[in-house]
Amino acid sequence: MFEAVAFYLFAFLTIAMFYIVVTTKQALYALTALAAGMIFISAFFFILGAEFLGAIQIIVYTGAVMALYAFGMMFFDTTRDVKEAQGNKFIITGLATLAAVLVVLIVSAPIISENITAYYPALPEVGNTQEVGMVLFTKYLVPFEVAAVMLLVAMIAGIVLAGKKMDLSITLMNDAEIHDMKIDQKLDQHKKVLS
Amino acid sequence: MLEPINVSMESLNVMTLAPMLIPVIGALFILVVDLFKSNLDKTLYVVLSLLFLLIDFGALVDSSGLFMQNGTLMGMFDVMLIDGLAILSQFIIVGASMLFIPLALTNKRFHEFSYPEFFALFLFMISGFQFMVATDNLILIFVGLETASLALYTLIAMHNRVKSFEAAVKYFTMGALAAGFYSFGAMIFYALTGSVEIGQIATTLAGNGYADLGFVLVAVTFLLASFSFKLSLVPFHTWAPDVYEGSSAAMAGYMSIVPKIAAFVVAMRLFEFLIHSGVVWLEVVLYILVVVTMTAANIWALVQTDVKRMLAYSSVSHAGFVMAAILIGSTQANSALFLYWVLFSFTNLGSFSMLWISRQKKLPDHQSSDHSYDKFAGMIHTAPIAATSMALFMLSLAGLPPFALFWGKMYMISSAVTSGYTVLALIMALNSAIAGYYYLKLIVYMFMKEPVVDNDGTVYASNATLALRFIIGFAAIATIFAFAVLNPTLEFITSFVYNSGY
Amino acid sequence: MVDHILSILIFFPALAGMFGFMINKDSIRAYGVAVGVIEFALSLLLWFWFDGGVAGMQFMEQIPLLPSFGINYILGVDGISLFIIVLSAFITMIGIASLTETPNVKNMIVTLLFLQMTMVGVFSALDGIVFYVFWELSLVPMLYIIGAWGGPLRIYASIKFFLYTFAGSLVMLVGMLFMAYFYYQATGEWSFAILDWYRLILPENLQLWLFLAFFLGFAIKVPMFPFHTWLPYAHGQAPTIGSVILAAILLKMGTYAFIRFSLPMFPDASVALMTPIAIIAIIMIIYTAMVAFAQKDVKQVVAYSSISHMGVIIIGTFALNVEGISGSVFLMIAHGVVSGALFLLVGVIYDRRHTKLMSEFGGLAHVMPRYATIFGLMLMASVGLPLTINFVGEFLSLLGFYQQSHILTLLAGTAIIVGAIYMLAAYKKMFFGDVTKEENKNLPDVNKRELLALIPLSIITIWLGIYPKPVLEPINKSAEAIVQLMHDKSITDEAKMRIPSPLNKAQTSQTSSEGAH
Amino acid sequence: MEIGLNHYLVLSTILFAIGLVGVMRRKNLLLLFFATEILLNSVNIAFAAISHYYGDLTGQMFAFFVIAIAASEVAVGLGLLIVWYKRHGNIDLDTMSTMRG
Amino acid sequence: MEIYLYLALFSPLVGSLFAALFTTKSKTLVAGVVPSLLLFTSFVSSSILLVHILNGGAPVHVEMMTWMATGDLYIPFGFVVDQVSVTMMMVVTIVSTVVHVYSIGYMDHDKSFNRFFAWLSAFVFSMLILVMSDNYAGLFIGWEGVGLCSWGLIGFWFHKESASWAANEAFIMNRIADLGMLIGIFLVYWNTGSLQYDHVFEAFKGLDVDTLALIGIFLFIGAMGKSAQFPLHTWLADAMEGPTPVSALIHAATMVTAGVYLVVRSNELYSLIPEIGLFIASLGAFVAIFAASMALVNRDMKRIIAYSTLSQLGYMFAAAGLGAYWVALFHLMAHAFFKALLFLGAGNVMHAMHDELDPFKMGGLGKTMKATMVMMTLASVALAGLFPLAGFFSKDAILEAAFVEHHYVIYSVLLFTAGLTAFYSFRLVALIFHGEERYTLFGIHPHEAYKFMLVAMSPLLLLAIIAGSLKMTYFEMVTAILPDIEYHIHSHVTFWIMTIGTQLFVVIAILYAYKKYTTIGMNVPDGTSETENTFMYKLLKNQYYIPYAYDEYIVKPYTKLSALFWTEIDQKVVDATVDGIAGVIYDSGEQTRDMQDGNLSTMLRWMVIGTIALLILAVMFGLTARYAHVLG
């Protein structure tokens, strides 16, 4: 019973939040709603007994991601209304609704899942985090490592793209300009060293 | 209480990781080198990358030897799956990368090559693709794919001009949507079977006789959508022309080959068992996708005014053509896919490299885009060798015998014929004919028109260095004399594909 | 040398073409002629070594190319291909020798040498894929020749030429892949070797489909109505040398392929589709002849006349008996010589006046009597006058087809009427009457270089018209072999009846007189 | 009333659909990225639920990696966004159509 | 004997090639003399062969070499000199030698003198091949060869539009007939397996009548073209555009009789199918009167003679059709002599009158051109069939044959035509040589032709006079291979009545013509007189409107249809379809390229649309699968 109440409550809340995210004209509202929605989702994780995931969700999303976005928003000065020239709203919402209806049509049918074998069974007597750790560092060791590489890539990408060096485009400069630029850089370095 | 887990190193088969780890190590090495001494010349990084790729290639040769002896190899808790497909596709990935990376040694300076990070990201990307093809675990596929994709977006953007940002943003956003589709599709498969490994999914589904066909279809829909994006099948192809146009020609050429072969391998793993289980829907849908992609992309390529965009659409069309292999699903078809892609990579890299060496920084007044057709007018008079090799690549792309791609096309159509897809074979043939027009158009400009403005031919090689010329020469020779090595290649591919059970 | 003569014939010009890039511009012409002469000498050597008494393939060569998939580099000639090879060497030689002042002459000569490689390749290939390779490759040099040296519409014409044939041959490729697959099904082994395919006996409906697939490729190349519209453009725009080679050799690829592929591989389909194809051929003969009559441009007249003549070749081919097939092969050679000469002749006048409109001329016989004489000779050959080379071919083709259908032969025979109409009309417009145009009053007659090309063609025209035996005999042998093969492997009763076995003559005349009524 | 797996799946689907709407209608790049986050998150719910009902940890693993991926995407996405903004002074999609056809 | 055969056959060829060497040079007398001498050689050789045959020698049969051999077909270059072909050879060589010599004078002032002899000798060569071949294919070579030479000679003065037009007309008309001939040859081959006369004739005996009839019809179609039988007759009158010696040789004496020769040569075939023979005879009789009627009113000297030729050809076919092959051949021979003579005489007149052809502009020429007048008059007498000239014997034999075979309609038609012939022949003679000197109005000073020309004509004159007396010798000779039916009217009374009646009829016609056209002040037809406005007169004057009909209903529609085919069908349908397909493909690209509008939102929407489309399909399939058991 509790589960049902919680489910419906959070379901309503997430849907509402995410609805705001995709509809509001205020970027700030959207950001806030997104963060809220993320937290509500972590609630589902807790309901479903995936505490580790819930924690990660809160930390990564509401912590890191939202912080990043917030940064970005400040950068872009999105306090003002978002101007969005809309095309045909009906098509968009129509399509999405259609998609939803179609999937729901199928998904609402019960999955015949009696004979599903749990390949990596969750053990009732072990804490979720521990379980997750076990699986993550055995079976999913390689993906985990690759994920690390991915994050490294993302980091480098972020640094490179947002870095100052991108301000001047060598691609668009001719050789003389590049030469001048190099000298400027050298001077800068000298200045740094001197100061 | 949780049991401690004993893992024996032998059962892990750590060596299966070697080919993927080498580029990662290489990338880290480059980053470290940069840390110690910045502002090193790009040639160093190019050579370093080449070296690591060579080692990677060696490792692949090694694992192919292992495969020939022992057959399919699982490793790292059965996450890694080193079968023939993995090895073949890695050969293509690494081989094409090796052909690509020297293209950085241009005469003119371009922004991306001033970063050592460019080379590091490049190597990371390769390893991402390698992981993607060397597993049947949807999670690792996803992670590998995203690693590679994120690196790729950055590489595109690093060309650093307005169009490349636009390209990167478009690619990225659509990629994000595709990622959403992918995870949704994987989720449904998981819901159905309780597994995210393709082999187990196949077993489970076969076990219950596809009881939830509707569910399966939804899952396939979403996965198909996401791979269609990666493979640029119509209507998921919309990024392709813009991204190709926005990125440097070399990168565009690379994108037309490597990410797609990775995606093809995954698609093959994923859809093959469904096709063989007689999921009619998938057959129908793939049929439609293949035909629409081939035809529509061809038709759009016809009307392009820029060679690079034309080549983008042509790549889309080729992808559709090759997708037919997955629809057909026979060993011959799957072998044909690899054969086609090997041959395609030489030819397409060659043609994009040709664009690359003629890249100007500033557009002349008469030229509306980097590689508009006008630019190539009368090329035969001013740069005959360049014109001839460009024509060669175009003819090969058009599928004119005896140039490389013809053999791929022939074998592919033959596989359609063999499996009873007569109409498909005809459509494939006729599409090749339509495609002939736009390839010919470039030849017409090069050989039969007078130059728009006077030029002495330097523009066509303004970017060329010895390394670039060498790459193009190599591609040209490979394109012409493909038939000489065709038999061993095909036998190699066929035995690998066959022994992997496809 | 003897064993590899075919490979040498194929690749010698290509190699020579590559070396040609290194030759100085001033000497390239001499170089081209030299290569052409050597190639022609080699082809004569081939003829010399050829054993006319043998019906099968000679000078066979085989190198595995993609053996696991049944693709091998197999070459060989029989009486049917021998002379087309000789002809192509001959025409190329003459073409290069008579090449007029052209810009980028080096590119032209190199292209011609490559073209020669593909032409010899097509006619000596005995493997489907090798055949296809040369078949398609021949489009490229021709595309370049038309597109780079052609008239104002050259780009349209060249692209049309290329794409049209390309599309058709891709369908043919699908057909070939099917053939190989059926061979695989029958024997468990892949093979694209034509001689292997000959052994394959297919059910009739399959034969029909495959026949149609091959047909599309061949029909566009021939070109057969209604796939012929690329030809007038190609000819109209091409430079003289392009037209000469196109008409003399490239069109023959289609008709040759009918004999090499369609007939022996699909005898029952050939019989079943004989009437429709004959009707198309008759349309080609009459309709295009009428269109030719309506032309204002003399080159277009010759171009359409080519189509018309190809109709007769098709008729002969689908006579499905020795007389008809021999005749059609002979007519291929004849038409090669005659139409080549006619295009050269048109080129002569075009060089002088830079127009091909017949209304610009008139009375040329007064100012250029030699030219008029040679043109007249070729005109008469084209019209099919006895004792010229064309007559032998036309006579045998029609004679052969008469065994199959009387009415259709009667209709096809109108070729000799309608052909005379447009040819004579064109001749009259150009050569007869008074010299009305001032520019024409002082036109120089044919010069030495032009005569160098035209005289040999004239001699051949008459020589083979009077004494066709040296050519006809080997053709006959091979034609007999093909007809015998078709007779033996045909499965339907109708085909057995329609295709007379050359070995069984008594039966032939009996069935023929029954079939005739 | 028992909350079954299907409830979660339906919820997930609805959220996914909302995400799709966002993806399709948002013209502001930043808000568009928000919508892609919604897509990924909606799937995560389903994964956790399936994992829960099957008593299998793989789903949680998947969700875990999805979160990682989403985070990485944010980094790269924002990087691109910043570069774009520096050049154009806006992050409006409609200004981004120099390449077409 | 073979050497004589070759000599006879190839001498003209050598002469032709010799003259051809000089074609681009200016007039050289040697180019005329040498071919003439060679032709004389040919004539001598033919004579030797004739003597050989007359003395009962075996036919000379040689096979020079293989021409075509493929499959079962075997065609050699084989030549045979037998009674029939030697007759033809004599006719050809005599007339052509005469014409050659005559032409040296006639073409004296023509700048294409050399070319003329090249063509003329080539013609003789072709004609000899035609008559000497021992098979149908060889005959066809000659058949086409004479057609070619006729084309070259009719259009000899090619700067004249009418000449080149007439040349093409002749060639094309002949081609139409040649197709029939070709089909006939095919039929012969496929039914007998050979084309050699001896083999074929042997095999004919075993064939059914239908096949034979078919063969006979198609071969005769060929003959109709060459011999200008109705309805393929129009070219012959137009062919008069050629130089007059050409008309004499080709369009009177030799080529046009090739059709008759063919029928005679194939007598074994036509004997087996008398119905076809009757048709041939009827057609011949029709053409005889038909052509004669057109000659009555014509105002062109050469055309009148041409119509007379046509008419006489009709006689020959009538004879041949009735099975009187030797009679036909005989008439052919006699006709060749006197008609050639007539033409050559006309040539003299033309020379004298500066190429004027209208006899109404002549008159009284007999004063200056005595020799010519005598020759032409005698030739006309022979043509009219008056005793004792050649025409009497040959024509009379035909009439008798028709009478004896009980074909009275044919007989009476031919008889009536004989009267017409006499009338128009003497109309011509009268108009040219007698009466007022109307030419003075045009300021012409006529003169007689060169002496040697007249001398050259004399052999013909001689033969025209005496040929009749050779009848029996000839009969004995040719009936060795032709059916030797003698046509004797059993009742002597009837015979005499008929002969004398005919002669009287002819004489009356001659006198009438003479009177009508020599009266002083005779009204020259100028379109005003009453007779000229009668329907019949107009009909005849316009050649029964047949050329007009051909032009209107065949030539013009053909031209129009050709243009229509080209512009409307070839370009607007066939080619437009091809271009249309290409255009549709290209346009669909142009139309749909907006799908790629460069806007990211659109791209994302396309992705979603694609996915949803797939989903719809998935749901449909999924539902069908799930409720398959419910549904069915």
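Think of it as A, B, C, D and E in the order they're written, each chain with its own count starting at 1.
FYI, a contact is a pair of C-beta atoms (placed from the backbone, for glycine too) under 8 Å apart; a residue touches a chain by one contact, two chains touch by 3 or more.
These numbers were taken from a predicted model, which means no experiment stands behind them.
Enquirer: By that same contact rule, can you tell me which chains touch chain B and chain E alike?
Expert: A, C, D
Enquirer: Could you tell me the least number of steps, going only between chains that touch, from chain A to chain E?
Expert: The least step count works out to 1.
Enquirer: Counting C-beta pairs in contact, pick out the pair of chains that comes out on top.
Expert: Ranked by C-beta contact count, first place goes to A-D.
Enquirer: For chain A, which other chain has the most distant CA centre?
Expert: The chain lying farthest from chain A is E.
Enquirer: Quick check for you: compute each chain's CA centroid and the global CA centroid, then name the chain with the smallest gap between them.
Expert: When every chain is reduced to its C-alpha mean, the one closest to the whole-protein mean is C.
Enquirer: Taking each chain's centre as its mean C-alpha position, how far apart are chain B and chain C in Å?
Expert: Each chain reduced to its C-alpha mean, chain B and chain C end up 43 Å apart.
Enquirer: Can you work out the whole-Å distance between the CA centroids of chain C and chain D?
Expert: About 65 Å separates the centre of chain C from that of chain D.
Enquirer: Could you please state the distance in Å, as a whole number, between where the Cα atoms of chain C are centred and where those of chain E are centred?
Expert: Averaging C-alpha atoms per chain gives centres 35 Å apart.
Enquirer: Using mean C-alpha positions as chain centres, tell me how far chain D is from chain E in Å, no decimals.
Expert: 94
Enquirer: For chain D, jot down the residues that touch at least 2 other chains.
Expert: 5, 9, 16, 19-20, 23-27, 32-33, 54, 56, 58, 61, 65, 68-69, 72-73, 76, 79-81, 83, 94, 96, 98-101
Enquirer: Using the touch rule from the top of the page, what residues of chain A touch 2 or more other chains?
Expert: Within chain A, residues 92, 95-96, 99, 103, 106-107, 109, 111, 113, 116, 118-119, 131, 139-140, 143, 147, 150, 153-154, 157, 159-161, 166 contact more than one other chain.
Enquirer: Show the residues in chain B shared as contacts by 2 or more other chains, in ascending order.
Expert: In chain B, residues 139, 143, 146, 150, 153-154, 157, 169-170, 173, 177, 191, 194-195, 214-215, 217-218, 241-242, 303, 437 touch at least two other chains, as defined above.
Enquirer: What's the complete list of touching chain pairs for this entry?
Expert: Listed in label order, the chain pairs in contact are A-B, A-D, A-E, B-C, B-D, B-E, C-E, D-E.
Enquirer: Within the complex, which stretch of chain C touches chain E?
Expert: My answer: residues 160, 163-164, 225-226, 228-230, 287, 290-291, 293-295, 321-323, 326-327, 363, 365-366, 369-370, 373, 380, 385-387, 391-392, 395-396, 398-400, 402-403, 406, 409-410, 413-414, 416-417, 420-421, 424-425, 428, 431-434, 466-469, 472-473, 475-476, 479-480, 502, 505, 508-509, 512-513, 516-517.
Enquirer: Note which residues of chain D are touching chain B in the complex, please.
Expert: Going through chain D, the ones touching chain B are 5, 9, 12, 16, 19, 23, 29, 32-33, 36, 39-40, 42-43, 46-47, 50, 54, 56, 58-59, 61-62, 65-66, 68-69, 72-73, 76-77, 79-81, 83-84, 87-88, 96, 98-101.
Enquirer: In their complex, what parts of chain A are in touch with chain D?
Expert: 3-4, 7, 11, 14-15, 18-19, 21-22, 27, 30-31, 34, 37-38, 41, 44-45, 48-50, 52-53, 56-57, 60-61, 64-65, 68-69, 71-73, 75-76, 78, 82-86, 89, 92-93, 95-97, 99-100, 103-104, 107-111, 113, 116, 118-122, 128, 131-132, 135-136, 139-140, 143, 147, 150-151, 153-155, 157-162, 166-167
Enquirer: Looking at the complex, which residues from chain E come into contact with chain A?
Expert: 601, 605, 608-609, 611-612, 615-616, 618-619, 622, 626
Enquirer: Enumerate the contact residues on chain E facing chain C in the complex.
Expert: Touch list, chain E to chain C: 23-24, 65-73, 137, 140-141, 143-145, 148, 151, 155, 158-159, 161, 164-165, 167-168, 171-172, 175-176, 178-179, 182-183, 185-187, 189-191, 193, 210-211, 558-559, 561-563, 565-567, 569-570, 574-575, 577-578, 582.
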